[in-house]
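Below, chain A partners chain B and then partners chain C, in two separate complexes.
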Partner chain A sequence: MPMIEIKHLRKEYREGSKSKVALKGLDLELEKGDIFGFIGPNGAGKTTTIKMLATLLIPTAGAASIDGIDVVKHPEQIRSIVGYMPDFFGVYDDIKVWEYLDFFAAAYRLPRDKRPGIIDEVLALTDLTEKKDSYVESLSRGMKQRLCLAKTLVHDPKVMLLDEPASGLDPRARIEIRELLKELQAMGKTIIVSSHILPEMEEFCNKIGIIEQGELIVAGDVNTIARQVRGQHNIDISIVEDLPRAMAILEGMTDVVREVKITSGVRGSRRDEQGTQADAPSQLLQKTDTSGRGGVLQIGYVGEPDFEYLVLQALIQNGVKVKAFYTPETDLEDVFLRVTKGHVA
Partner chain B sequence: MSVFSRLIPDNPVLTKELRVRMRGSRAYWILLGYLGFIAVLVLVRYNSFQSAVTSIGAGGSASSSIGTELFNWIMIPQVFLVLFITPAITSGSLTIEREQQTMDLLTLTRLSRRGIVLGKLMSAVSFTALLIISSLPLISICFMLGGVDPLQVFSAYMMMLAASVLIGSMGIMWSSAARTTTQAVMLTYFTLFLLFLFVYGSFMQGLTQKFAPTGLPSASETAFNALSQSWFGNQFIGFRVPEGFGFAVFSLLCGTLMTSVATARIEMFPDRKAGTLRALTLLLISLQAFSVANWWVSAWYHRGSRVVMTAVQPPIGAMIIPCIALLLLVPIFATGEVASFEAQRIGKYLRWSFSPAGFKRGKLGSGIPFLAVATLVTVCAYWLAFVPVGKAGAAFHSGALSLGLPGLPPPAPININGQPGETVTVTGQTMSISRTNGSAVTATKLPNGGIQVNRTDPNGMATVSILTNWPVDMPVMPPPPPASTLVAPQTGDMLQATVALLATIVGFGLFCVLCSVAFRSRWVSAVAGYVLLAILWIVPDVSTSYTTSMKDTSIWANLGYLNPIQVFSQICEPANYWQNRFLMFGHTPMWQVCTLAWGALSVLFLALILIFVRIIAKENAPIPYEELVQLA
Partner chain C sequence: MFENPVLRKELFLRLRIRQMSVLSRWIGSITAGILISWIYISILRWVFTDASSRTGSDVWSACIVLQVAITCLLAPAVAANSITQEKEQQTWDMLIFTRLTPQEIVFGKLIARYAVLIFINMLFMPIQLAGWMRSPHDVTFLTFGLTEMLLLISGLFFTTFGLFMSWLLNRTLFAIMCSYSFVVGGLIIITSLITAMLSFFAADDMFTKSPLMWLNPVMMTYEAMNPHDNANTVFFLAFGLLSYLILTALLVWRMVVGFRRFALMA
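Showing the complex of A and B:
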């Protein structure tokens, strides 16, 4: 039996007399121990989905169950096995870190004498032990985020729903959260994490889903998706001279290379064609360039990541002078532009 | 963990709130300011008293009166502080959770919503309790001076605690309904103001009645007197209790009702909790009906020491209080929304509404059935009030006791002049009069069966007690009217009043339903309902007061036919009621016209409702998931 089962889940928000569809029939199944990365741009419907699973919103249609329990029919049972971390949350004023955790431990009906031990445990897990007696509002944003995670862990939930746990954090804090999630993964929890950013998910998610405008465009095993997505992911090659020859070689490697584009080299030659005489130095530059015709090429690589070097090797063996060969950081926007073109779906 | 901590209820919300409230020095400053303020008041008063004593040289009796006065000086500001501090704490309690985005985290825990609301309420009440209990030592000054008995202090503190529960619950209720804390605070203080006017008004009513027992108040005046007696008197549903016991009971019940509203409102499916709210409302309103009727019935039958405060109207007037409450409840229970899928299967929807499951859900369709049931339960409560005095049958015709016919002069009062121990015979019935001092006592039998005791002792020290039961349910009948005079009004009692009340509640309920389906907004239709109610309440009386003859009567005066309170007034005061009142149907009993008018309006409303339901059914909006789950 899958741990999380979502069938045709749909949500419409009422806006006056009209209704706005935020989620158009989501289907998803996750097994126990899965870490699911839920990726999508702003307004895609990630928060809506997660809130419905957390029993905070009522679906308009469809069904969802966690551990075999329907989220609409038995919200009380769901709440005791699910830990939810919202995208935005506040903390109480005038309360200490341990009191905050004690409050939630008591609210989850943990026996009174076990609470101090559990609080120490979750504090250790989230690296907040030395903040135990500080006031909650004095914590930094990253610490508050970790405190919220600690609170989510207090009742040892089977399933964790984390809505952008790393948003608004600096790189160091992001890495800390990522490490923490890896630990949770090791503890065998089923986790749904939402994010805007794909690369940070790859490391610890075993399944990934990309959602846009309420539709799940792609979902499945992280390796499968990664291959597909990496097909879209670009390699920039900066070449000193003889651009056409490099292009010819690359276009010949049809099994791993797709879509060869000239990026910065094109711009230079265009300016040349327009023939702006006023700009003498630049004209000079262009002149020296035209003989060799160097520039930057962008290719879409679809092969295995470890064999990227073969492309480089082929170029060099053919005498192309390669200045740089690098992968620009893939951001979601980029993936999305491709995904919506139908390259993946 | 100590044994002691195990005894404290494990409500994390309460623990957290108390921890935070007593954190730092803030709580102590508030306490200091509070006690300081009262202490200064006491000091000022005590000083002025002392200077008065030294200049005049007053005796011991002055000391006890100054004790009483000091007690008031301590209690009155305390009451106001409690009334203002409690809602300040509670009215933000739920909106703040929403504003600082902690509500979701809280509701996802295994805490029940009731636990959350009660935790918030208890933390506020325990803080006010701390404040007022810390002022107890100041009260000891009053004991030293005399004039205050411990029971009085107990009563005062009990009422203050009960009031803080009541007002605190009201704050939480508004907090659950409002969007922002500011809104919640404003709504709370506004309701507090209205409530204060109402309670103060009915309390003052009670006071005036106490000091002017021989006046003849109108039926509604007596009704409010009965209400104030049931709250602040020392009898409650037939038991001797400390003063204010009734107020405490009703405050706690009302507080429970309001916290339940708050609980339901923060629930994911608020209408699933409607059953609890309805049951509590029913309990509250029937208990109030019973206690008011109980006071009235026992006053009517001259029980105990209330001889001097005889109710001069038949007890059916006691129904005015629950009648007002029911009318005020109609716009709350008979407004709502009808979804298009419900409109499409209106027959099935209505049948379901009438089932017990339908009653439990707060659906619009079950509002009017609930109100009708509430009306009948209230009538039963009224009838039950006659059972303890062994006159269950009298409930059906006590109004028929009323005498006097329009156009006839009221019958002359029968004067009874008695000496101590003497037996006086009055139209075949016996009554003996005793007196405690030497002065002569006269009692006057009033035409409607009441007794007016005329105390001739100038000091007002004479006490009168009637030794044998004065048989009021066998009144002195006036001579039969000459055939030439007006036809006697057919006045009735419980059954007639019930029919008219039921017709009004159903008709007015249908009006609210009509507004709901026409405006498609619960708030707008509730406001429309209250506006109609206000018009029916105020306009006819204003119009009547400007009318001097049948010729210049206006249609507005006739709106009074739609007001069931007029029905009760007419039943209670058949003789006076028609004076200066010129209505369309002459002296036809009000209940008949009221029933027919509301019946006709109901048919009209029903027809219009069906038209609007047709329109809604055409909309074809999707069925909400929640309903699908229910239907499956």
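Showing the complex of A and C:
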């Protein structure tokens, strides 16, 4: 049974006599332990989806369940297994960090005698132990963000819904939040996280969904999506020597290799360098690397993922010395730009 | 009831003087204690030493008028920011996402705000009691009981109305304005104007027998303090106070029943 199951979820808002569709029949399934990155431009429907899962908005149509519990029929049960961190949140004034957490622990009906231990644990997890007796208004924005995350964790939820948890933070605070999310991932939590900071998303999300104008355009494994979008996925091959021969071999494998780029010795990709159409790889090689020695090639692989090894095998059998053969990190920004048009719902 | 986290937070966290140093807190507490004691002693000494037989009832009447004014002006205001403030500082979503029931949130907020009003009214109690003891013939037990009931019930109703407005609206300013419009504008001014207009076309006693007028807190206070005809006064006051209690119950019921649904639609 999927941990999160969303079927044809739809939300319409009334604006006078007209209705505005914020979400147009979203379908999604996430397994336990999945970290799902929810990506989309402002107004695409991310927050609406997260709020409906958090029982804070009633869907116009469709259904959603978390751990088999319907979010509309049993909101109380959902709130006991879900942690929700809104995109914009405030903190109570004149209250200390531990009092803030104690209030929410009590609100989640945790026994009084267990609360101090739980508060210490979440403070340690969010690296706020030293701030336990500080007033919340004295915390920096990053610390408040971590405090909100600590509050979200007090009742040990199975599922966490984090709406832009790193928005408005400086680079250090973003890194701290990212590290914290990695720890939560290691704890086996199922997390839906929306963010605009795409490079960070691809670091800890095993699945992503791109939403635009209330429609989920693509969803699934990051590499699979990249493959779907580009019709290929990239493989980096580090060659010790005889780069021209390696290129010739790869250019000959037209059934599985679509394009061959030199990434070492030439800054960035050809598209980056030239803007639009680039020279053929061999011409580029002649321009930039006439030594014939080693370098790094990037190929666009269009074959079956299980048969990538055939490319490596072909190179080795032809005497090319291969130092490394690997799939680089997916350029999520590139994927995002390719599938979205910049419209809002 | 004291296990209710909302009530505990409102009472124990928000009402305390936080950012002052321990020394400042001590100095502040001692100064306030001395000031209040001095006021009490001065008034009590005057009440018990003044030769006039009306002194006790005058002091008692002044206390009641002041308390009614405070109730009408303070009760809607103290409650009108209780939920809108949470909405404005963006803590509301997090609060309603917890496992707290609507009853816990509504009653927690209501009792905490009502407690402020009770506390202020309690400060008047020593002076009231002194006035009552000094003039037992002018301030009868019935009069004393009726006015206390009036203060308690009208305070509860106005506080609940303020809370209702706070639940209904998104801005504290609007909630306070609407609460004052209802209590001061509606219950005090509009009822008087309508009844005065009606009295042109009706019998002389229309003013006192108009049901609208018996919802007017000023009129109710006047009658409770001057029970010319005990039976009628008790009847009309009972009508007014019962109306207040029924309206209070309806408002609380509306908030509790519609709590999540309204929150979800907002």
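As a convention for this text, the second predicted complex is superposed on the first by the 227 of 345 C-alpha atoms of A that agree within 3 Å, B and C clash if a C-alpha of one lies under 4 Å from a C-alpha of the other, contacts with A are read in each partner's own complex, and residues count from 1 in each chain.
As a working rule, contacts are C-beta pairs under 8 Å (C-beta built on N, C-alpha and C of every residue); 3 or more make two chains touch, one makes a residue touch a chain.
These figures come from a predicted structure and were not determined experimentally.
Per the definitions stated earlier, placing chain B and chain C onto a shared chain A by superposition produces a clash between them.
Within the superposed three-chain model, A:Pro86 lies in touch with chain B and with chain C [touch as defined at top]. With both structures placed on the common chain, the touch criterion links A:Ser194 to neither chain B nor chain C.
Residue contacts after overlaying the shared chain place A:Leu56 against chain B and chain C alike. Of the two partner chains placed by superposition, chain B and chain C are both touched by A:Phe104. When both complexes are overlaid on chain A, the residue A:Asp113 reaches chain B alone and has no touch with chain C.
Applying the stated contact rule after C-alpha superposition, one finds that A:Lys73 touches chain B and leaves chain C untouched.
More chain A residues lie in contact with B than with the other chain of the pair chain B and chain C.
Residues 54-56, 58, 75-76, 79-80, 84, 86, 88-95, 99, 103-104, 106-109, 151, 155 of chain A are contacted both by chain B in one complex and by chain C in the other. For chain B in complex with chain A, the residues that touch the partner chain are 1, 5-6, 10, 12-13, 15-16, 19-20, 23-24, 100-102, 104-111, 268, 622, 624-626, 628-629. Contact residues of chain A toward chain C in the complex are 54-58, 75-76, 79-80, 84, 86, 88-95, 99, 103-104, 106-109, 135, 148, 151, 155.
Contact residues of chain A toward chain B in the complex are 12, 54-56, 58-62, 72-73, 75-76, 79-80, 82, 84, 86, 88-95, 99, 102-104, 106-109, 112-113, 151, 155. Only residues 3, 5-6, 8-9, 13-14, 16, 18-19, 89-91, 93-100, 260-261, 263-265 of chain C touch chain A when the two sit together in their complex.
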